[in-house]
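Both of the next two complexes hold chain A, though its partner changes from chain B to chain C.
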Partner chain A sequence: MDQFLQHLVNAMVLGGAYALLGIGLTLIFGIMNVVNFTHGALYTFGAYAMYLASTALGMNFFLALPFAIVAGLALGALLELTLLRPLRGADIDTTMLVMIGAGIILQSGTLWIFGGVAKAIPSPFPDAPLQFAGVSISWLRLFVLLAAAALIALAYAMINGTRLGRAMRATFQDADTAALMGVNVRLIYTATFALGSSFAAAAGALLGPVYVVFPQMGDLAAVKAFAIVILGGLGSIAGATIGGFVLALAEEFGAGYVSSGYRDAMGFLIIIAVLLMKPTGLFARAERVG
Partner chain B sequence: MTRYLPPVVLVVLALLPLGLKDPYLLNALITGGIFTIGAISLNLLLGYTGQLSLGHIAFFGIGAYASALTALGFDVGLFGDVRVIHEGWHPFIGFLVAIVVSGFFGYVVGRLSFRVRGAYFVIVTICFAEVVRLVALNWIELTQGPLALTSIPQMKLGFPGLGELTLRTKVQNYYLMLGVATLAYLVVARLVHSRFGRAMRGLKENEQLAMSVGVNATKTLTVAATFSAAIAGAAGSLYAHYFRIIDPDVFLFAYTVTMVIMVVSGGKGALAGPVIGGLIFGTLPVALRPYMAPEAQWIVYGAVLILILFLMPRGIAPYVDDWFAARRARRAHGAAPAAKPQLEGQR
Partner chain C sequence: MLEIRDLECGYGPVAALKGISLDVGEGELVALIGANGAGKSTTLRTISGLVKPRAGTIRFRREDIAGADPARILSLGIAHCPEGRRVFPYMSVADNLAMGAYLRKDPIQVREDYDRVYSDFPRLAERRHQSAGTLSGGEQQMLAIGRALMSRPKLVMFDEPSLGLAPTIVEQTLRIIKAIRDGGATVLLVEQNAFAALELCDHAYLIETGRVVKRGLGPELIADPHVREAYLGG
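Take a look at the complex of A and B:
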């Protein structure tokens, strides 16, 4: 039973970061109809921004986190302005391939600048874990869980409660009509991509200190983000949130009770199963799927 | 004119090793050629049916492992006391097994994933490749996992009356690659120009319209996926017997990207496309190596991919076609401006 609870707690920590990854990707797909292949690179970018800020720049850990998120926001905006804006109206395969190219450049650039050796981000938390009812959780992981939950709540508040969020939802439903109603759709696209990117960077910055930071860390993260988004239905934010936790639970319990070698395969098996039974994803309304 | 181009290119490529003695260059050509075969197979799916398969390296890798394991032999426990023991066979049988096994996986993946299109299909194929990579990494009894399969025998070819030839040198392997590449090209050309090829292109242009005139979408796409996977498996087999060592890294996404870049830059949906792309991106590493590190080369690859998509979204081959058509038109009409070239008919 203790072991079960322990897996559950671990899954919650992981699930928070996965949900962030998924929300970013699903936001971009839902509103822009772009499959963002730079998502993994942005996740890596967030982790390296965190690493740079807390080592070379000498920033406080709690300051480095928002720095990494803002850096992700800026990089996302740059990518959208230079690559996606000129390609508006191009077919989905073209934008996909362009994003793959951009992802390669970002990943190889990281490898070139920082080298292939994994880096550790220093954590300000005590090493001794928190013990509670037979379950132990490190302070760092607890912080990751809380920060992820706060960011997810922020995302919901922003999308449901602000003018920008309303404009984004309007664009999501019908970009042309939104434009007729005075929404600056071009600006919304840039904002969406920047926000989605900042979520990926946030996930990287949060999980970076838990594990280690290396240039290829984004590869698996990207595929997991795809898994989460398919599970929740492309374009569904609630679906991505739930999908993130479902994937984390499947990985954690799969690794704990089945085989740890196939931990990372859980997500893909989930995708394959979901697509066989309900190709639109578990939480998407039919008309949302492109 | 464009009709004579493929045989001319083939002759030039066949004569190349006579003047080329640098083993490094030959190695680059063989490696590039093997991936070009993969690109030719990818073009069948991406170019002619319009389905972007980003897990294509899975079929290549499955072919590599199937061929290597057939030639090396294995001893695996399945469940309980049941063990499958296989003594090594002739590597050429491995080559055939690779084609069959990869084709089978192409069929299964096609059957399962062509329920969905577009972004969903892309993601399913990526996931498939990742699952296969994880299996290769973790089924250590069969694949040796990260320790790699080593000492894979070199390819042997038997000739009736002439005995058997073991392909030891780079030149011999170059000709094997060239032979398989030519065969792959011809198979794809034959498929594309058949009734089946028209069905594929119909699905690409307008799926609902094609289905309304009686094209069975799932069946057509599945057959295309099966052929495509089988050819990729043949390329994987060549890879395994040439390098004589394979590890789960053959399933890396970067290799799929290499094939995609070859197809897209050369021209998807054109027979010559993957060949042109393969020649460019097969030799680009050689050209860039003295000047930059591998990481920087990948940055160049990414930049070239983006530039091509921005400047020549159809790839190079259609532009070559246009140029020849325009020249023909100039000759026919004196100095009159070129008529808008007919593209579809000549590919």
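Take a look at the complex of A and C:
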């Protein structure tokens, strides 16, 4: 039983970060329809921004996190303005190849600047874990869970409750009509890509201190992000949130009760099962953003 | 109020408008009629800035708006209620109306306008939290009209508001459009239902393959042999 609860707690921590990764990609891939091969690189970028801020730049850990998220926002905006905006209307193969190229450049750049050796991000929390009802959780992981929950809540509030969020939803449901309402559609595309990127960066910045930071860390994260989005249904924020937690649960319990070697395979088994039974993902069209 | 001269535009190499000139005076209800593919929607889309003109001028209250941004054109007071209603299907009725007021910075008056739309269209009030995509065709048309009015436009352009609606709803829709004009707005109306449009309007333009081929008062066009033959079923 304790074992079970421990896995559950671990899965919640991981799931929060996965949900952020998935929400970011569902905005870009599910709604903007950009097959985004830079998502993993943005995850890595967030982790390195966190590393740089809390070591070389000497920032406080709690300041380094928003710094990394804003850096992800800025890099996302830059990618959209320089690569995607000129390519709007180009065919999907062209866009996809350019995004693959951008992903490779970002990853190689990271390798070139920081080297291939894994880095650790110093944690400001006490080493002794928190013990409760036979379950132990480190202060750092608890913080990761709370921060992820706060960011997920922020994403919901932004998309459902603000003027910008409404304009985003309108644009992705019907861009021409949104333009007739006075929406600057090109700005919305940039904002959405930047926002999606910042969520990937946030996931990297949160999981970076839990594990270690290395240039290829985004590869598996990107594959998982796509899996989460497909699992939750393209374009569904709620689906991406739940998908993130489902994947984390499958990984934790798969690793715990089946074989730890299968941790990264577990999620994919679930996804294959979902795609066989419900190819549109767990969430129906009616709950989609765009 | 609106003055269009020699307007030309196209989609890629295909010319859609080949020199359209038309005038809409303050407070008038002007109809644009013509067959499928004549260029009626393209004319409205060019006025509202969705399509960029290749040549010609569009003046609205003496300001040249040809090629301007849709947001700028809307903020000058031109609203466009598009063909096929085009409500945002996965957004609530209330959010659709909010989109109509997207550029407005006067929240108190916007509130009043919501209340006005809801009292004019009680069906929308009942369904304000429902997704627009779940409304009936007639309700969606009311929403599209309400949404266009949320910008407090001086000129409202309607593109085939009766398309695909039941006859009683068509009548109701045309009555609403007349009421909008009587309420002080200027209306440019595109209609397939040529007879209804000609009866309703002050004057009208007949468009064929991207050109204005006739203009006149409603009754004049109703009496015109060519119009009778081609558009009013003989």
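As a convention for this text, the second predicted complex is superposed on the first by the 283 of 290 C-alpha atoms of A that agree within 3 Å, B and C clash if a C-alpha of one lies under 4 Å from a C-alpha of the other, contacts with A are read in each partner's own complex, and residues count from 1 in each chain.
As a working rule, contacts are C-beta pairs under 8 Å (C-beta built on N, C-alpha and C of every residue); 3 or more make two chains touch, one makes a residue touch a chain.
On a predicted model such as this, the values are computed, not experimentally measured, just so you know.
Asks: Taking chain A as the common reference, can chain B and chain C both be placed on it without clashing, or not? Answer clash or fit.
Replies: In the arrangement built by aligning on chain A, the partners chain C and chain B fit side by side.
Asks: Under the stated touch criterion, which partner chain does A:Tyr18 make contact with: chain B (first), chain C (second), both, or neither?
Replies: Once the two structures are laid over each other on A, A:Tyr18 reaches no partner at all.
Asks: Is A:Gly261 contacted by the first partner chain B, the second partner chain C, both or neither?
Replies: first
Asks: What is the contact status of A:Tyr43 with respect to chain B (first) and chain C (second): first, second, both, or neither?
Replies: Neither chain B nor chain C is touched by A:Tyr43.
Asks: Quick check on the superposed pair: does A:Ala179 touch chain B, chain C, both, or neither? Answer first, second, both or neither.
Replies: Second partner only.
Asks: When the two structures are laid over each other on chain A, which of chain B and chain C touches more residues of chain A?
Replies: B
Asks: Just to be sure I read the superposition right, which of the two partners does A:Tyr51 touch: chain B = first, chain C = second, or both, or neither?
Replies: In the superposition, A:Tyr51 touches no partner, neither chain B nor chain C.
Asks: Kindly classify A:Phe214 by the partners it touches after superposition: chain B alone (first), chain C alone (second), both, or neither?
Replies: A:Phe214 contacts neither chain B nor chain C.
Asks: Could you say whether A:Ala167 touches chain B, chain C, both of them, or neither, answering first, second, both or neither?
Replies: Touch status of A:Ala167: second partner only.
Asks: By how many Å are the closest C-alpha atoms of chain B and chain C apart after the superposition?
Replies: So the smallest C-alpha to C-alpha spacing between these two chains is 16 Å.
Asks: By the touch definition above, which chain A residues appear in both interfaces, chain B in one complex and chain C in the other?
Replies: 290
Asks: Over in the complex, which chain B residues touch chain A? Could you list them?
Replies: Contact set of chain B toward chain A: 50, 52, 112-113, 115-116, 118-120, 122-124, 126-128, 130-131, 134-135, 137-138, 253-254, 257, 260, 264, 293, 295-296, 298-299, 301-303, 305-306, 309-310, 313.
Asks: Of all residues in chain A, which touch chain C in the complex?
Replies: Residues 163, 166-167, 169-170, 173-174, 176-184, 285-286, 288-290 of chain A touch chain C in their complex.
Asks: Sort out for me which residues of chain C touch chain A in the complex.
Replies: Residue positions touching the partner: 48-50, 69-71, 74-75, 79-80, 82, 86, 88-91, 95, 98-100, 102-103, 131, 147, 151.
Asks: Which residues, counting only chain A, touch chain B once they are in their complex?
Replies: On the chain A side, the touching residues are 29, 35, 83, 86-87, 90, 92-94, 96-98, 100-105, 107-109, 111-112, 219, 223, 226-227, 230, 234, 259, 261-262, 264-265, 267-269, 271-272, 275-276, 279, 290.
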